[in-house]
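Take this structure, written in structure tokens, and hold onto it; I'll ask about it next.
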Amino acid sequence: MSLIDLITILLIGAGCFFFLAGTLGLLRLPDVFTRSHAITKADNVGLMLIMLAAALQVETWATRFKLGLIWILTLTASATVAHLIGRAALNAEQKPWEEST
Amino acid sequence: MTLQLAFDVVLIVTLVTCAWAALTAPDLLRSVVLFIAFGLLLSFVWVRLQAPDVALAEAAVGSGLTGALLLSTLNVMRQKEAQIAQESTDAARESESEQEVAVAQDS
Amino acid sequence: MSAFFQLAALFLLLNVGAGLLRILRGRTTADRLLAVQLFGTTGTAILILLSLATGESAYQTIALVFAILAGVLGIVFARYGQPSAPASAQSQELKHELN
Amino acid sequence: MHDTEKAVSVGRRRLTWQQSLDVLLRGATFAALWWILTEGDNAAWVLGIPSVAAATLISLAFVPPTVWQVRPFGALRFGLYFLSKSLLSSVDVARRVFQPHIPIKPRLVRYPLRVREVKAQVIVANSASLMPGTLSVNLADDVLTIHALDVNAPIREELGILEERVAGIFGIRLEERTE
């Protein structure tokens, strides 16, 4: 196994770990706002790591740029969607969750 | 080989669950969301069947475009319903006031 | 290597399945929107992994479509996906609290 | 146009040299996009050149040529700051969700923005969503509403730095806050 393959495996492993963190956050956190935190942040970094791994594996520079383009699109899309979800929840009069102590 | 089989089995189970949930959802909005999710999963099926062009069409048209159209249709339907409800209450109020006028004239 | 990519794709598919659970259990529209966002990002990652596993570069184009769709669907949802509630007394109060 | 000496004529409109730079940049961006999407296929340029030209003209019809004020150094600085912070943010999320009792203390925070340009405000709002502990939920009247994951974290300080970095992209100078 070459060094590049090893780095690829590490990157994809880390990417999957962050995806798991995002999903776990989606299932465990108490309200829409906090879930949105988890999904937006963790999934984008997970995707970035997987993209980096893919960039190591593909042959041409055009494909690497394409992967970068996909990542940037997802990044902007999820930041925008997170903002819209937050605003929608606020307009629908959802009170953010607060710890009841 | 077994990994691919496992992927396919998980995919099919999720797909069928999603389809069933979309059909039995209590409100239409949830149905539409599940339909979009179903389209995305179906495009994975096309990928696994080695038909990337069909997968592309499924993702773009079957899931994205149809989903957006269904949502905007739902919105129009809701507005119409609200309008009809408004009109019927207006009509009820009008007839009530007419009756009151009639009662006033009688006495 | 191909087997490892397959394994990672399977893992992410299980994540999507868990997200589906959130759509099924979620009570508000915003919850469902979140699941759509999850599908967009995770779906893109799965397709990239599948393209690495099989060496088919056409799958990357589908990943690109997924990425664009996630944004478009999110915006359409935020626009149409809920009863249009104008800023009512309670939300005004909430905004007032922030001051 | 005031700058008639250096004006270039495109169609019936006269453009300053800065505006024609914008047109050139747009063309270059579309050409780069085409190159990426066709994966560097040289034969595809037969269709590519007319498509790039058409895309540039259509974009000019919708967004008139503007003067670019982006500072390359400032943009690079923002990019590095953003990347490191967004990596940290997911580590932060992972650290929280893997604990049996999730340590969060969420609260809404109002942050009055110092930058006035809408472009910069949108960038601040969107990148705040990808930074540790903050999620932008509303942007109106120069005030950004943030949902903070932990109200005890130094949110305002972080946002202040972010705002300065974003202002650095456009070479905007921010006044000190007078509070």
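General observations
In this document, chain identifiers A, B, C and D correspond to the written order of the chains, with residue numbering beginning at 1 in each.
The definition used in the following text is that a residue touches a chain if its C-beta (ideal position, glycine included) is under 8 Å from a C-beta of that chain, and two chains touch if they have at least 3 such contacts.
Please read these numbers as outputs of a predicted model, since none were measured by experiment.
By the count of C-beta pairs in contact, the leading chain pair is A-C. For chain A, the chain whose average C-alpha position is most distant is B.
Taking each chain's centre as the mean of its C-alpha atoms, chain A lies 19 Å from chain D. Annotation: 27 Å between the Cα-based centres of chain A and chain B. Annotation: 22 Å between the Cα-based centres of chain C and chain D. Once the centre of each chain is set as its mean CA position, chain B and chain D turn out to be 34 Å apart. Each of the following residues of chain D touches two or more other chains: 39, 108, 145. Of all residues in chain C, those touching 2 or more other chains are 29, 35, 57, 77, 81-82, 94, listed in ascending order.
Counting partners per residue, chain B has no residue that reaches two or more other chains. Looking at the complex, you find that chain D touches chain A at residues 32-33, 35-40, 86-87, 89-90, 92-94, 96-98, 102, 104-108, 125-127, 129-130, 132-133, 135-139, 145, 147, 149. Residues of chain A that touch chain C in their complex: 5, 8-9, 12-13, 15-16, 19-20, 22-23, 26-27, 32, 35-36, 39-40, 43-44, 46-47, 50-51, 53-54, 57-58, 63, 66-67, 69-70, 73-74, 76-78, 80-82, 84-85, 87-95. Residues of chain B that touch chain C in their complex: 3-4, 6-7, 10-11, 13-14, 17-18, 21, 29-30, 33-34, 36-37, 40-41, 43-44, 47, 50, 52-53, 55-56, 59-60, 63-64, 67-68, 71-72, 74-75, 78.
Taken in their complex, chain C has these residues touching chain A: 1, 4-5, 8, 11-12, 15, 18-19, 21-22, 28-31, 33-35, 37-38, 40-42, 44-45, 48-49, 51-52, 57, 60, 63-64, 67-68, 70-71, 74-75, 77-78, 81-82, 85, 87-88, 90-91, 94. Contacts from chain A toward chain D in the complex involve residues 17-18, 21-22, 24-25, 28-29, 31, 33-34, 36-38, 40-42, 44-46, 60-63, 65-66, 69, 75-76, 79-80, 82-83, 86-87, 89-90, 96-99.
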